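Residue numbering begins at 1 within each chain, and the chains themselves are lettered A, B, C and D in the order written.
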Amino acid sequence: MALRYDFASDNVAGAMPEVIEALAAANAGFAGGYGADHVSRRAAELIRAELDADAEVRFVASGTAANALSLAALAAPHEAVICHEHAHIATDETGAPGFFGAGLGLVQLPGQSGRIDPAALARTLAEPEVSYHQSPAALSLTNTTEYGALYSEAAAAALLDAAKAVGLKTHLDGARLSNAVAGGFPLKRLAAMGLDVAVMGGTKAGSTPSEAIVLFDTPLARRFDARMKHAGQLVSKARYLAAPWIGMLESGAWARRAAHANAMARKLAARMPYPIAHPVESNGVFVAMDEPTLQRLRGLGWQVYRFIDGSVRFMCSWATTDEAVEAVSEALAQIR
Amino acid sequence: MALRYDFASDNVAGAMPEVIEALAAANAGFAGGYGADHVSRRAAELIRAELDADAEVRFVASGTAANALSLAALAAPHEAVICHEHAHIATDETGAPGFFGAGLGLVQLPGQSGRIDPAALARTLAEPEVSYHQSPAALSLTNTTEYGALYSEAAAAALLDAAKAVGLKTHLDGARLSNAVAGGFPLKRLAAMGLDVAVMGGTKAGSTPSEAIVLFDTPLARRFDARMKHAGQLVSKARYLAAPWIGMLESGAWARRAAHANAMARKLAARMPYPIAHPVESNGVFVAMDEPTLQRLRGLGWQVYRFIDGSVRFMCSWATTDEAVEAVSEALAQIR
Amino acid sequence: MALRYDFASDNVAGAMPEVIEALAAANAGFAGGYGADHVSRRAAELIRAELDADAEVRFVASGTAANALSLAALAAPHEAVICHEHAHIATDETGAPGFFGAGLGLVQLPGQSGRIDPAALARTLAEPEVSYHQSPAALSLTNTTEYGALYSEAAAAALLDAAKAVGLKTHLDGARLSNAVAGGFPLKRLAAMGLDVAVMGGTKAGSTPSEAIVLFDTPLARRFDARMKHAGQLVSKARYLAAPWIGMLESGAWARRAAHANAMARKLAARMPYPIAHPVESNGVFVAMDEPTLQRLRGLGWQVYRFIDGSVRFMCSWATTDEAVEAVSEALAQIR
Amino acid sequence: MALRYDFASDNVAGAMPEVIEALAAANAGFAGGYGADHVSRRAAELIRAELDADAEVRFVASGTAANALSLAALAAPHEAVICHEHAHIATDETGAPGFFGAGLGLVQLPGQSGRIDPAALARTLAEPEVSYHQSPAALSLTNTTEYGALYSEAAAAALLDAAKAVGLKTHLDGARLSNAVAGGFPLKRLAAMGLDVAVMGGTKAGSTPSEAIVLFDTPLARRFDARMKHAGQLVSKARYLAAPWIGMLESGAWARRAAHANAMARKLAARMPYPIAHPVESNGVFVAMDEPTLQRLRGLGWQVYRFIDGSVRFMCSWATTDEAVEAVSEALAQIR
């Protein structure tokens, strides 16, 4: 029996054809190293245009690195970053923020479907500072969240405003920002929301490994290349991290293919015979499923995983096919 | 006037066609994340075969990261790594070993053309340990060296043996290992020389960003994926860091194209009208050239750089053409 | 109205007379630096005798440093230390383990009165290792706990044995080890319990700032002085961190005065008109008290604090007097 | 034969009587923890008065920690601190700046007798920034230097001004600041010289372990206690690190006893039968002495050490007696 990974994650898919073509196109000739090349410049321009913002842009190969490097630029080692208790930076990055940030702390807040509860944030921001705690220096949001939920512009802005009002810096983990955009989040409003740094996800959107670090707070760009090099994140042939963005943005495929992924998730949700655990607002479907049922599904070859909250996660991507949704739906019906 | 970067570095070249083809081939279908995929497994097998060694292999996007991550696994923060005073890890990596190693120190030794002087190593190894110094825990060699010189098997083994005799771990920065191999270094003897970790360079050999970390000391592989993730070095779509190696090794292009680069350097050296500063044993030609002359060369469009020792460096790569060697030779003759 | 700090903490007391006398005695003459002095040697001998163990001993000025330095020697940056969710290292040390350990993680377990729940530990130890989590490398216990509870020898041994059975290292935060000993914990059994490192608390026992790091696992002592120096923990005039231990141990005051502190807590508990929240097994009394009542108590000048679990903490020390217990008891009765 | 350590270092002496008395005086009663106590406040006031500056003051037990903690507050991990190549932070602190600063680099400059050569500084400050180097963010001076030489106000100001002119922060390692003051350095001019942070040495001046971190740049004090706690440098019974300063400053002994140490060095220099290697401007005498002679001196019981530059160092302290100077002078004459 062939194992099927279609819904295991959105990083099990390959790269979209626009990316492979852009890589081949970028391959011609000689180019300066460490980001000083025409491909990196063009990709950064495209991102600025997409965001309608005068930001500095850098590319790294890992989303974990993109987040951790950003957070280390926003908070000192004896300070903390506020995030959701199930945020990727808190639960799935092997403590990378603490490594990049020399012991940087995380203050983890609750909230439904991965969205930080505003009241919990308010309470945290009101806490008195004491020398034996790592006081918050930054707020990190994830959009869409780890549970596929979407922050609306208003919901995100309310949290960011509360943080900025007391002097915190702000960070967006946009590993699935394309899915948020496809879900209705207004990309060109990011800068206006007062973000200092956003990570704009390429990998899960359908790129070869590449994440864009967008420094809205442009003074942060001072010596940022050295910061990247120091942290092993400045590759010499930088054009290969930038090229995918040319492929994804010039063609519009970054957002368009995320819309496909979201549509596949809606289609799957519509056929899902198990209780849906979180609002299906992007490319994931989380369902309540007991262990024997999950094992039966795996027994049919479908590789999916139980998530932190106990639900079973089905992720769609640019590469998810109608056929796959139908096939897994059939399997799901069969194992009931 | 068009600027020509042909000799600026060996990382200004694009990727060889075998690599682009392998990337495209690896792109098909779904694959597990974080290195648990068929492409990563195949690439690792090819490397083990190439080295004739039962080693664990991991892939990262940056040579700096490959080195620093390795060194942090070999020495504690309060210890030091011995290297040449002009080693890339000491002079060109923005302190990355200190970052990955939480303040890890470097003991920098002299030696001609980037090769560590055995007597200097002996003196260092004989120094008494004191609590106010970072005592050495590892030795790092670079082959070929930053000056294009080659360690013979005997020369490298003598240094490694001296270090291992007093309990040090050993590391090879093989960013240009393909050039060393093309220059006569016996790749299959690496394991027998007692190396703990070697970084096998892909990028400068003609890959898209990829370096192989080869753990000859396989117990080091325990939790190494977590170490990589923690340090922002474990990419989810790992197949794109592994695929280039399939392209380079199955075809033999990794070594064959390095032989071309070395040949281009010899050709350039033969025509060089300036005093050659270091033995031309691989793909670089270093020459004594005063500043006005260098400026005249740059005035003709040729981008080359003055190196740490004051000489001017001309680097050849897999992509260097006979035409380019002739053109730059002509320019060099013209500016005398 | 004079503010009274008698019960605010056990670190608000001064140093016992035996310590001041020992400091004065150690002051005579010249002595080698960085621990190579007769005072440091004598203090280490006394500790070994007290523990009946062939351990290496070092002295530092801060309990946070003693713990964090020890943990960094037991777990790698990409690994974690298991501790109670209210352990001092997790809640009150400003992330110091993450700083000393370059991003070292903590896995925080529940359990009544600060004692780790054995079932929770078993579950954690049974979890599969994945690269995106920091897997445990060590277990840290605190005795007595942050809630004044005592681990019996059997209870501590059961947890340590479970951890050691799967290869973990072990650490004891003994900031209040003297109170544990006074409560019946057999000090000479520590070594037999298989601890790798114990921090033996001086400060809260009645010393000027000094904590002893006891390396039962003596190979850990290799280059430990360099580790301390690197981390800013090796003072040159080390005799002044060692001398207090001569004063406390030669006289028996370390344990005897802890017995006094414990007795004062029992006396206070006996008179406490509020519900007692945790077993009074050492020198602290934790009580359920609403906020208006606490404010009335503070209004009478008594400085005490609400602890993490919401109870109000009264700490006794070597310096707590019968008069103070009676005075605060009277105040407590008065504010009901 | 009794070994004599009188001239081995200035940290082999005990504490001056004023310090021991102040410790005993500070021992009375209860006091708040972590620096919030009357003793810490009083000591900070005395230091501000001594410096005639509105600075924030903190106390730590180790000079290495005082320096490294300060430097980590002035430079980011991917940046560097400029210092003399024989500065204590570069040669004798086991890489502590790199640990506290998460891989912070040091740019080491030459200069006679430990004073940075202004031309070398100018060259360094003029270097273009590149991503593969750690560019300087701060300048660190040591006064008196590791060779007992004194920076005059003008000499120090010239270096500091050059650094500040290009945006660098500034740090003074004042482990022997009392000797500089006794040598004529105007303490009250420090603030006007534009220093951001100075470490004011207590230990070598005759204290029990205590160094004062003086934050002239008071905004640096924000969350500095948390920074200290995070780095294991905030002791709970902080009064014992502050009290020595009350003893040394209220009595004037800090400067007066340093004048004695300097006088002892001058007396020794006057009788020294070997060539003096560095200007005797404070409490050290460095002499050219071959190895057999040094061994003969040690054979007579005198413990002195060969320093980094090859000269033999004789350090005087507050505790150096006329008798000792005479005795060692006699021994020196005898072994010729």
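Following the convention adopted for this analysis, contacts are C-beta pairs under 8 Å (C-beta built on N, C-alpha and C of every residue); 3 or more make two chains touch, one makes a residue touch a chain.
Being a predicted model, the structure only gives us computed values, none of them experimental.
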item: Centroid-based (C-alpha) most distant chain relative to chain C; value: B
item: Selected interface, B-C versus C-D, where C-beta contact pairs are more numerous; value: C-D
item: Rounded Å distance, chain B centre to chain C centre (Cα mean); value: 48
item: Where chain A and chain C are represented by their mean Cα positions, the distance between them in whole Å; value: 41
item: Distance between the centres, which are taken as Cα means, of chain D and chain C, whole angstrom; value: 33
item: Sequence positions of chain C contacting 2 or more other chains; value: 77-78, 93-96, 99-100, 102-103, 131-134, 226, 229-231, 234
item: Chain C contact footprint on chain A (complex, rising order); value: 77-78, 80, 92-105, 131-134
item: Interfacial residue positions of chain C with respect to chain B in the complex; value: 34, 76-79, 102-103, 129-135, 223, 225-231, 234
item: Residues of chain A that touch chain B when the two form their complex; value: 4-6, 8-9, 11-15, 20, 23-24, 26-33, 60-65, 68-69, 93-96, 99-100, 203-204, 208-209, 226, 229-237, 240-241, 319
